[in-house]
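Shared chain: chain A. Partners: chain B in the first complex, chain C in the second.
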Partner chain A sequence: MERDALYWRVILLAAPIAVFTALVIWPLLSSFYYSFTNWNGFNPEYDFVGLDNFAKIGTDRLFASAIINTAIWMVAAIFLPTLLGLALALLLDSKVPGGTIFKTLFYLPICLSAVVVGQIWIWIYQGDWGLLNTVLRAVTGSDFSYAWLARPNTALGSVIVAWSWQQTGLSMVIFLAGLTSIPDELLEVCDIEGATAWQRIRIVVIPLLTPATVVVVALSVINSLKGFDILYIMTGGGPFHSSDTLAMHMYNESFKKYLMGYGSAISVVLFLIALTIIRIYFRNLRKVDEIYG
Partner chain B sequence: MADLRLESVSKSFGQEEVIHDVSLEVAHGEFIVFVGPSGCGKSTLLRLVTGLESVTSGRIFIDGVDVTHVKPSDRRVAMVFQSYALFPHLTVAENIGFGLRLAKTPAAEIRRRVAEVANTLRIEELLERKPRQLSGGQRQRVAIGRSIIRSPKVFLFDEPLSNLDAALRVLMRLEITRLHNRLQATMIFVTHDQTEAMTLADRIYVFNHGRIEQSGTPMHLYNAPANRFVAGFIGSPAMNFLPAKVRRQEDRFTAAIGSSVVPLDRSLRNLPQGEISIGVRPEHMSVVDPADGDVEATIEIVEELGAEVIAYLQIDATAEPVTVRLPPQRQVVPGQRVGVRLAHESFHLFDSDGALLG
Partner chain C sequence: MRFTVFKRAATASVGLLASLFMAMGVAKASDVTISHYFSGPFMSVMGDVFDDFNAATGFTMKDSPVGHEDFKTDILVRGASDSLPDVFSYWAGARVQFVVDSGDLSPIDDMWNRDGLDNVVAKAIADSATLYNGQRYLVPMQFHYAGMFYNKKVMSDAGISEMPSDWEGFLALCETLKGQGITPIALGSMNRWPAQFWFDYLILNTAGPEVRAGLMDGSVGYDAPEIAAAMSIWKDLVDAGYFVENANAQTWTDASDKVAQGEAAMTLMGTWITGYWNDLDMEADVDYDFFPFPTINADAPVSVVGPIDGLVVSANVQNKEGAEAFLSFFVSDLETQVAWTKAVGAVSANVNVDPSVYNALINRVIDTVGAADNFAFNYDLATPPPVAEVGLSMFQEFMENPADYEGILARAQESAAAAF
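For the complex of A and B:
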C-alpha cells in the first residue's frame, strides 16, 4: 500500500518535474554556466573567464543606472497599482451610480496585451497630436509640444504610468473581492461605535484587506519582474539608456552586443534579486497566515 | 422614564413589510427578551433600535429623546452580535477598547477601563490574545466587553448564545444574568429559544410575523397565554392542543374529544358552539388506568430524564400525538394502553383562528 502510493507519486510528479527541469532549471543552470564564460551567443568556441563578468558589472555605468531604474520601476510598479486599485475599490464598493460600468472600464486594460497597451500610450504621449499634449494645450492655452517618451527625464516615468494604468484594474478587482469577504457585522460595529469614514478604512478595512493585499503585491512583484515587453515597445530602454532596467540591459548586452557571457552574469544577479524579494514575501506571508488563515 | 420606547414602528424591505406597527416600552434596568420563530423580525427590530436600519414609519425614543433619525453612534446603544463580530487583527484588549480608541480617549485611560471590564468578565489573562486563540465562550465575553465599556443606555443582544454548545449556553446565561444584576442596565435579548427567554427575562415580548403577539412576565405568558401561538411557543415540552366540539348541556358547557365528553367546569358564559381547540400543558395531564381517564390512549415513546418522565402518546379519539410530563416513579412502557386524565381547571380554549375563548 505504502509502496504503491509512492510509485504513483513518482509517476504523477515525473511529468511536471520534467517540464520544470527543461524550461526552468536547465536555462537557469546554463545561465550560471555561461556567466563564467565569454561566449558570444553563437560561436561554439569560448573560454572560461572566471569571475571577470561579475567584476565587469562593478564598473559598468549602464548597469548601475539599470539597477536604479529597476528599483524605481519595481517600487512604482508595486505601489502605484496597489494604491490606485485600493482607492478605486473603496470608491466603487460603496454604491456609486454606474459602479458596474466603472468596474468594467477599469478592468478592461488588463485584458489587453502589453504590446497593445504600449502602442495606445505611445499615441497618447505623441508630441504633436497625442492626447496628453492636446489636453494640456487646451487647458493651458499654450502651444505645448513635449515628446514624453523621447526625453530622458520623462521616459521611464511615462512607461510607469502606462504600466500602472494597465495593472490597476487587476488589483482593483482583487481588492473588491477582498471587500466583499469582510463580514457586514464588523462594519456595523464601526457604525455603532462611531468610527469616522477614515477610521473605518484605516483601523478596520485596510487591515482586513491584508489577505487581498498579499495577493495584489505578489502579483505586482511577479508582473513587475516580468515587465519587460511594455518597456521594450515604448522606449526600448532609451533614450540614451535612460529607461534601461536590468532585464533590458541584459537583453541589450546578450542579443545586441552579443556578450552572452556578460548578459548571463546580469541575469544571475537579476535572479538573485528576485529570489531575495520572494523570500521576504514568503516570510511575511506566514505572519499573515497566522492571523487570518 | 422609559429607557426605550417604540411608537408604531413599521419596516418594509422593498414592497414587503416585515415589521408591522410595533409599539413597546422598556423601563430602566429591565431585562427584556424578544422571542419568536425564525424570520419573525427580531433581528430587524434590534437593527432599527441601533439605527443600522431606518424605520419606514413610526418613532423611536431612547431615554426620552427621539432618535428616529439619529445615527447609530449617537444613540448610546451597544450591540452584541450572534457571530461576536470581533476584529480578527486586533487583540482582545484592542477589541474591547475599540470604541474608546475611536473617540480618541487617552491610552492610559483606555488601558485602565479595559482592565476594569476584563476584570468584570474575568478575562484578564486573555487581553493580549487574538480572537482566533479564544474559545467560543471567551469570544462571547470579549464581545460583551466591547459593548459595556462605553456604558451605553441600552444593551442589545442578538442571539448571542446560539453558537455555543448546550452546557456553555447555560453557563453564559447565568453570566449574563449576573452581569445584568451588577450593571443594573437595560438589556434587550433576542432569542428563538423559549427556555432562554423564560430564564432570563423580566419581561418577554413574543413576536410572530413582525407583530407583537403578547408581552408580560414569563409566568404570566406561561399561565395566561393570550392566543394559541403564544400558548404553543412558551413552555417546553410545548402545550398540547386537542380538537374538540363544544356542546351546551343545560347551563354548562361540555367538550367532545372524539367520543369522550369532558365537562368544561369553568364559569364560562358565552362559548360558540362548534370546533375549538383545547390547550393542555404536559404537566396538566396524568396517566391512569384505561377506564379511569377522560380519554384513552396508547403510549408511543417514553423518555426517562431522571427528574421526570416525558411520554408521547396517541389519543384514540383524535389520532393526535400528545406529550405528557410524569413523575419519575411512574412506570410506563411503549405500546401500553392507558387512560389520560385532564386537569379541567387548567384548560386554555382557543377558537379555530387561535384566539383565546372565555
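For the complex of A and C:
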C-alpha cells in the first residue's frame, strides 16, 4: 500500500512538473538562448550575435521610455489599490449604512476580466461621448473633448486609474478580513484612553494590519508584474509608444517588428527585474514573519 | 481503495486525451487547411467559396479564420513552429517578401504556368504582387484602391458640385467647407495605418515614385529634404484645421461614420469603405462618391496606392495539389471572383471579369487605376515590417504634434536605419 502510494505520488506529481517544464522552464531557457541571436521569428536560419542585442538596449530610445513607464506603472499599481483599499476597508468597517452592498459593489470589478474592464474604461474615456467628458462638459459648461487614451501625457495614467479601479476591491476585502482579527479590547482601550480616530488608526489598527498588508502588497506586486492585458487592450502601448511598458515593448519588437532575438533580450532584462523585485520582497517577508510570527 | 479510484481516473484521462489527440491529428488526404483574416460578414462569402471549390474538385477546405490584427502574430507563431496551414491569406509586397525570404512559402510557378494564369491575372498586378526573387508565390484575391471618399450631400449642401483635381482646388474646397463649419477631412489614426495613405500620396505626388521606392528600401532617408517637404504640406493641412480633432483617438470606422453622418466631408481610405458604407444602407453615387488624390506636382507620374490581398502556399504544405488547386480556383473562377470582390468592396485582378458586374463607382476606380502610371502598395506593405512599425508610429506622433515634423523625421530615420 505504502509503495503504491509513493508510486502514485510520483506519477501524479510528474504531470504538473512536466507541464511546468514545458510551458515555463523551457520557454524561459529558449528566451535566454534566442536573446543571443538575430532570429526574426520566421526564418529557421539565424546567427549568433553575442551580446549585440543587450548592447542595443543601451541605445534604444523606446526601451528607456518603456523602463520609466514600467517603474511608474509598478509604483502606482502597488500603492494606489493598497491605499484606496485600506481607506475603503476602514470606512466600511466603521459600520456605515448599506456597508454590505458597498462591499459587494467595490468587489465586483475584480470578478471581471481585464479585457472587459479595459473596454468599459475605453468607453468612459472616449473623447466625444465618453462618460468622463460628458460629466466634465456638464459641470464646466464647456465643449471639452479631450481624448484621454490618445494623448501621450494621459494615456498611461488613464490605464493606471482603470487598473486601480479593478484591483482596489481585492485589497479592500483582504484589509476587511484583517480588521476583524483586531481584538475589540485594544480598540476599547483606545476609547478609554481618549485616543483620536487618527491615533487609533495609526498606532493600533495599521500596525496590526501588517499581515494583511503583506498579502495585499504581495498580490499587487504579482498582479502589476503580469499586468499586460489591460494595457494591451486600452492603448496597445500607444499613442506612439508613450504608454509602452517593458512587456509591451518586448511584444512589439518581437511580434510586430519581427525582431525575436532583440525581443528575447528585452524579456531577459524584464525577467531579471522581476526576479530582483521578488527577491527583495521575499527577504522582507521573512523579516515580517520574524517579527509577527 | 483511494488509489484504485485514482488509477481508474488517470487511465481514463490518458485514454481520453489520447483519443482527442488522435482525432485532432487525423486529417484526410483530401483536406486542405487554410487560415485567413476575413471575419464578420466576409465569413459567409468565404464559406460559399469553399463549398463551390469542394464540389468542383473533391477536396475539402478546413478553415481556421483569425481576426485581422491578431493574424499578424498568429501566422508568425505558426511559422516559427513549422505548423503553417497549407494555404493562408497574406498582404502582397514587403510582407510576403519577408515570409519568402524566411523560407516559409512554396513557389507556385508550375501551377501558374499549367493553369495559364498569365492570361487570367492583370499583368501590372502579376508583375508587382506575385513575383518574389524571380518566382511566383501568390495569387491575388482582389485589389483595393485608396481614394478620397466623400459624402455627396455634404458637398452639395456646401455648394460644391465639382471635385478638385489639383492641389489649389483641393485647398479651396477645404477652405469652403471649413468656412461653413464642416470639418473637411476625417481621419482615424488610432490603429495607425489609416494615416499612411496621406504619407504615401504626398510623397508620390511631390517627390515621385523613385524617391518613394528609395524610402521603402532604405536608400533614401526619412530625413531627406523631399520627405520633409511632403510632411510640411501635410502639416499645413493640419495647422489649417482641415483634419478632425483627436484623429489618434478614432478608428477608420469612426472616421467613416463621421463622413457618413455629415460631421466631416471626406476621408482618404481604401475601397473597402464602400462595403462598410453599403452596410449602413448608403448607396454609391447617391450618398457617396470618390475623387482621386489631387495632383500636386504635374510633372510627377500619376500614382495610385492600395493593398493587394493574396493567397499563398506554405513551405510545410501537407496537400500541395489541393492547395494549388484552391489558389487557381480562387483567382480563375469568375463566379467566385465576382462574389468575393463585391462582398469586400474591391476589384478583381482577373482580366476576364466583366466590369459591368460592378457598379459605376467601382468602374471609375478601375478606370482610375488603369490610367495611372504607377500602382504602389501602401506604406506598411511596401517597406519591411520592422521599418513599417517605425513609420506607422511616426504618423501618429505627427498627428499629435505636427509642428515637430522635422524632429519626428530625424528620430524615424534613426530607428529606420537600425531596422534596415
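Here is the rule we use: the second predicted complex is superposed on the first by the 280 of 293 C-alpha atoms of A that agree within 3 Å, B and C clash if a C-alpha of one lies under 4 Å from a C-alpha of the other, contacts with A are read in each partner's own complex, and residues count from 1 in each chain.
Note that a residue touches a chain if its C-beta (ideal position, glycine included) is under 8 Å from a C-beta of that chain, and two chains touch if they have at least 3 such contacts.
Note that the structure is predicted; figures quoted are calculated from it, not measured.
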### Message
Using the superposition on chain A, tell me whether chain B and chain C clash or fit.
### Response
fit
### Query
With the two structures laid over each other on chain A, which partner does A:E193 touch: chain B (first), chain C (second), both, or neither?
first
### Query
When the two structures are overlaid on chain A, which partner does A:F240 contact: first (chain B), second (chain C), both, or neither?
second
### Message
For A:R61 in the superposed arrangement: first (chain B), second (chain C), both or neither?
### Response
second
### Message
Applying the document's definition of touching, compare chain B and chain C: which contacts more of chain A?
### Response
C
### Task
Quick one: classify A:L149 as touching chain B (first), chain C (second), both or neither.
second
### Query
In the superposed arrangement, which partner chain does A:G127 touch: chain B (first), chain C (second), both, or neither?
second
### Task
For A:W8, select first, second, both or neither according to whether it touches chain B, chain C, the two together, or no partner.
second
### Query
After superposition on the shared chain, which partner residues are touched by A:P44: those of chain B (first), chain C (second), both, or neither?
second
### Message
For A:L208, using the defined touch cut-off, is the partner it touches chain B, chain C, both, or neither? Pick first, second, both or neither.
### Response
first
### Task
Just the number, please: smallest Cα separation between chain B and chain C in the overlaid arrangement, in Å.
42
### Task
Find the residues of chain A that appear in the contact set with chain B and again in the contact set with chain C.
none
### Query
Quick one: in the complex, what on chain C touches chain A?
3, 6-7, 10, 72-73, 76, 79-80, 98-99, 101-104, 190, 192, 245-246, 248-249, 385-386, 389, 393-394, 396-397, 400, 411, 414-415, 418-419
### Query
Once bound in the complex, which stretches of chain A touch chain C?
4-5, 8, 11-12, 40-45, 56, 61-62, 126-128, 145, 147, 149-152, 238-241, 252, 255-260
### Query
What part of chain B is in contact with chain A in the complex they form?
50-52, 71-74, 77-79, 81, 83, 85, 87-89, 98-99, 101-103, 130, 132, 146, 150
## Note on the structure
Given the complex, residues on chain A that touch chain B span 183, 185-186, 188-189, 191-196, 199, 203-204, 207-208, 210, 291-292
